[in-house]
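Below you'll find a set of structures to go through.
Each of the next two complexes has chain A plus one more chain, namely chain B in the first and chain C in the second.
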Partner chain A sequence: MTLPNLLNHATLALVYAGVLIMLTIGLNMVYSVLKFSNFAHAEWVTMGMFASWWFLQILSYILPWDTAHLLNNLFVHAVFGFLIVGIFGILGEVLVFDRLRKLKAGLDSAIVASIAIGLIVRNFLAMVFGAYPEPNRAICPTCTSQPSLPGFLPDLNNIVTIKLVENDPIFGTQWIRINASGILIIVTSIAMVLAIDYVFRHTKFGIAMRATADSIELAQVSGVDTRRIVHYTWFLAAGLTGMGAAIYRPYLTGPFNSLTGLYMLLPFFAVVILGGVGSFRGGIIAAIIIAYARQATVVIFSWFQYPGGLEEILEEHIGFTITFSPGYADAIPFVILIIVLLIRPRGIAGSVEATRERV
Partner chain B sequence: MTKAFLRAENIVSGYGKLHVINGANIHIDEREMVTVIGPNGSGKSTLIKTLIGLVKIFDGRVTIRDEERGWLDVQTRKRQMKPDEIIREGIPLGYVPQLNNVFPSLTIEENLKMGLFVKKWDSYYHERSEQIFESFPILRERINQRASLLSGGERQMLALARALMPAPKLLILDEPTAALAPNLAEEMLQLIVSLKNTAGISILLVEQRAKRSLELSDRGYVLVTGMIAAKGPAKELLSEDKIRKLYLGDRAKKEKEVG
Partner chain C sequence: MKRVDVSRFSSLVRKHPELLIGLALAIPVVLLYLYALTTLEVKSKLLFSTASALLVFFVGAISLDLEVGSLGLPNFGKVAFFALGAYISALLYSVYDVSYLVAVITALIISSLFGYVLSIPTVRLRADYFAIMTIAGGEFIRFVFQNEKRWLWAPSILPPHTPTQIISNRAKIELTNISPFNMRLGDMDIYHVLESIENLLRIRIFTALDIDQLFVWEVTLLTVFFLIALATYWFIERIRRSPYGRTLRAIREDDITVTSVGKDVFRFRWQVTTISAFICGLAGVMYAFSFNAFEASDFRPELTFVLYFYVIIGGLGNGKGVFVGTALVTLFMQAASVEAVQRNIYMHVGPDSPLFGSFLEILQLDIFINPFNMRYVVLGTILILFLIFKPGGLIPEPRTDNEKYLSLLTPYERARSDEAVSARQSLTEKERLFEGTEDENDS
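What follows is the complex of A and B.
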């Protein structure tokens, strides 16, 4: 029996971990400063994809000569996604959450409001841009309906394959196979983590933000304008998510739609809760654990489906059909989540919180 | 002749529509230690929170004297300054809340730096922290630890140290000994008195350990249901029978009278 292509699976998991990291930093930030789960986070992801994709179309229309993607490239789209979604984040605070807080509404109201905002935005996006984004070819013949079009040179769909072993009797085939878009996701997520860590630890703004997350009242009596910090938090959290979504978009194999973000929301919450809500470092570890656990399950399930595997054995000897489709691996992160929460109720990085309670 | 530093006139304040403080007058002079005592629920914390803008003021005003600018209106019905505005205005006021008085997820160094938030902390931090460490040597040893790992007493030290970082002229302390063991509480009160004596800081103290803190103070106020029921030099308050019976826990006498 030869090994499955573990190296390839490990690479896929790494990209998935990168996606989870990029897209959950914002959720964690909002939670740690404002203390509620922002369900509209799903729509920030969707909006980032729509914003960056439509900006691509607009730029193709305005700059038809830019076939070399000098301006019309993914980085510009990502910055646009950052700004649009970031402004949307501030709007949510100004129009809804700030008012709720002034009226002394509880956090439950904020959670429900965030669900409502998510629903409104999701349906608004579908109303205006269509459930699936489609360019108007009559206006812009150079526009494309390919959702994963990165608008970037060299072509992000270029696949890099590094073969280490091929058709070995024991190790089978082991290769690292990743497209340029996957590499970009990994690089961006690492850059984001380093940048955020630097900001949180070494800048006055970052320390003030952590201080506000710890205690709003104490931050105020230290001279921090906490309202401003809250606005910046929304802008940064939403912006980073929008940017992450723009970077993630070219990696998608199928077209995205107005529900894409929503489908990813549960894994996001799994990452945040597993890491310990509000913990930046815990969130990163959790993203890696969840990505690898999911991919490991894919490997194991495929193994069960081999001829002579567990699936066949069960069917032959017990007369019982269980399908070990790798697609069911999506549930595994949640199994891990529950197990970890039973051992460490406050998540991986929850020890500090626990100490805080004790003293 | 000592000069007044803070004046609160006819303060009416509270939460929502509820009036907790009903027309209180207090003042604090320079280099003076003042204790506010009173039964639970009398509004002691609310009173000092009003001074720094954490509680809504309905009437009256709070003014603070600044060396250069003279008397400044800090809290009035028309214009209420939020605590961060007061600090950003450069009014030398320090406040240590009763609960949540340190930033648990920040290191001790970061906690101390937060005390200098409105200043250029990189240039001030070194000089100020060296002074602070003389009074609080334990903090220097644990400078890179998170505040959540400190014990109750060490936290209280850190809270005080943070408030002292910007070199305030008036320190408002809300029950600084609340969660401390008796020996630590005494140590803390002694430390506070020494701040007044050596650094010349005015202290406004709200305390449950009423008798001990009055013994150490210059003056005192007795707050009952949001009004000042008695005031005067601490020694006089201590010797007044009624106050001893009602608020200083002079149980022996109380029992004698009842019995």
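What follows is the complex of A and C.
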């Protein structure tokens, strides 16, 4: 019995953890400052992907000479994603959440409103960009077939492969294979967390934000313009998510559509709750735990399905078995959520017990 | 004569301002629906699908309303119970050859069990965590149905009979083929009796709507659905009027006070979740009849969101409001799915369009306005507008009149009670969560 390619799985999980870290910073910020879970967060991710893709289309059209990718590169797209999604974040606050808060509507209304915003944005994006990003006139011909696009400063499709063992009778094949995009995701995610953590702890703005998170009234008494802080929080949270989505996009192997973000919503919430609301460093640990638990499920469950695996053993000895499909990996966040909420509702590093406020 | 009517209407509007909003929503929707009807050749097809969708979703929505409206638990995993009801009843009947009644009862038991199991760890959580957990629960059920190929997949109809995700709904296929049910209503004697009565009264509704083209099974199904919906409505209104329902409303408003008078809030919460899961499972069994075959991806979280449209537009916490909301949204959705309406809504705004063509060329935009996405945009916008401007919905929950009890108190006791109420209110969850917004208004 040879081992599966564990190192490769570990690398995949590491990149997935980076994606989760990058995309949950915004959710965590909104959670900790505004004390409600923003279900429209999933649509910010989708919107960031579409916005950066769209900007690529525009730039390839108006700057056809830019073959060296001086302007038409991933970082410019990411900044564009930051601005667009950030503006939408503020719009959501001004148009909906601010009014709801003034009405003293309950938490339920805020949740329903955020879900409705998500629904509107998702379907709007599907209308504007089509269900799949396929323009009918291909300006950059590879854009339609492959979302991981040309010209991200160094070519992001460069694959680094380190082979440790090959066709060994016991260890099988073990390699680390990661492309430049994956490395970029890991680096960016760590950099983002450190930067935000620094902003939250050591700058005046971040301290005002944390004061607002603790108690709006006390912050106002101390002379903090909480309204401005709330707006900045939305802008930063949405913008960072859009930027993260723009950086995540070239890593995708298939085309993305308007539902891509929605499918990642549960892992996002699992990361924030496991890591602890308001703690970005806890989020790193949580993202790594969840990504590895997910990948481990894939490995173990597909191992159960091999000839001679658990399924066959159960079938032989008990005469009854269930399917251990690797598809269950997507349900791992659910299991983790239940365990966390039952055992330690404040998460790994959360200081405020925000989860249990009911009798 | 006319002036009297207008003044009566305006006084009515002044008394019930939601009537105007209701009319503003209902008139375009009904007009759109009538337009959709006129474009069809066989009108009864649309009528049947509208009526069955209305009844199925009414049962689902009223079970959601029991949780959200009466108890304040925003359950976003309703789709799980739809899936359980539909899947298990269809699977047991068509794959495992159990009699249909047993299959339905098993489906209902399993879905209420799942409701109970899901409620145990979740009902103590704050509203948004409850929402996350229920969404996750709904997705979990979908994963199970998608992946468990040994037990929950059905052998395909074509010869190799390998298991596929697609479950063919044998109950519906059989129902449409058994002898009295597979006839058209126009071939039955009773229809001609009805038609002659109609002719006597000189109305032509039956002919105008092609009622004779309806199948007998469709009429039977609608009758059964109607009875189920009526029974559910009656049951839930009964719960609401009972002392049990009053306790539920008290928990929704302020669970700490209810605990302090010795009620076990947790018990009430899991009981209601289980009852609601049972009813929603029933809606799932009914929902299966709208498909000849279905698969796990038919049960996406969107289904739950649609239920929220019904409940919030109609009005939380009362069956009438839920019915009005369901009727309006279903009419709109069904009208939007008719081909002629779709063709009118469909629009392509791209670089080749005459108006902003060159502008869109630079922006590289190809906008496909299509009814499928457009209806969700419209409904989502209406939902948010309702949340902001009319949180009670079209038909708000009737307020309980406490005056008759309070008038029995002495003035001193009355003052004490008012004081207690206002002191308590300042500590409720809403205030704790959204504190400080008044100060923003002031500044």
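By definition in this document, the second predicted complex is superposed on the first by the 331 of 359 C-alpha atoms of A that agree within 3 Å, B and C clash if a C-alpha of one lies under 4 Å from a C-alpha of the other, contacts with A are read in each partner's own complex, and residues count from 1 in each chain.
We adopt the following convention: contacts are C-beta pairs under 8 Å (C-beta built on N, C-alpha and C of every residue); 3 or more make two chains touch, one makes a residue touch a chain.
Keep in mind the model is a prediction, meaning the values are calculated, not measured.
By the touch criterion stated above, A:226 is placed in contact with chain B and with chain C alike. Set against each other, chain B and chain C differ in how many residues of chain A they touch, and the higher count belongs to C. Applying the stated contact rule after C-alpha superposition, one finds that A:328 touches chain C and leaves chain B untouched.
When both complexes are overlaid on chain A, the residue A:120 reaches chain C alone and has no touch with chain B. In the superposition on chain A, no contact is made by A:202 with either chain B or chain C. Contact with neither chain B nor chain C is seen for A:317 once the two complexes are overlaid on the shared chain. By the document's definition of touching, of the two partners only chain C reaches A:61; chain B does not. Applying the stated contact rule after C-alpha superposition, one finds that A:217 touches each of chain B and chain C.
Residues 215, 217, 220, 226, 355-356, 359 of chain A touch chain B in one complex and chain C in the other. On the side of chain A, the complex with chain B involves touching residues 204, 207-208, 210-211, 213-215, 217-226, 352-353, 355-356, 359.
Interface residues of chain C, counted against chain A in their complex, comprise 68, 72, 74, 76, 121-129, 131-133, 135-137, 139-140, 143-144, 146-151, 255-256, 258-259, 265-266, 301-302, 305, 308, 312, 350-351, 361-370, 373-374, 376-377, 379-381, 383-384, 387-388, 391, 429-437, 439-441, 443. Across the complex, chain C is touched by residues 35-37, 39, 54, 57-58, 61-62, 96, 99-113, 115-117, 119-120, 122-124, 126-128, 130, 135-137, 139, 215-217, 220, 226-227, 262, 265-266, 269, 273, 321-323, 325, 327-328, 330-331, 333-334, 337-338, 341-342, 345, 354-359 of chain A. Of all residues in chain B, those touching chain A in their complex are 52, 54, 82-84, 87-88, 95, 97, 100-106, 110, 113-115, 117-118, 121, 146, 148-152, 155, 162.
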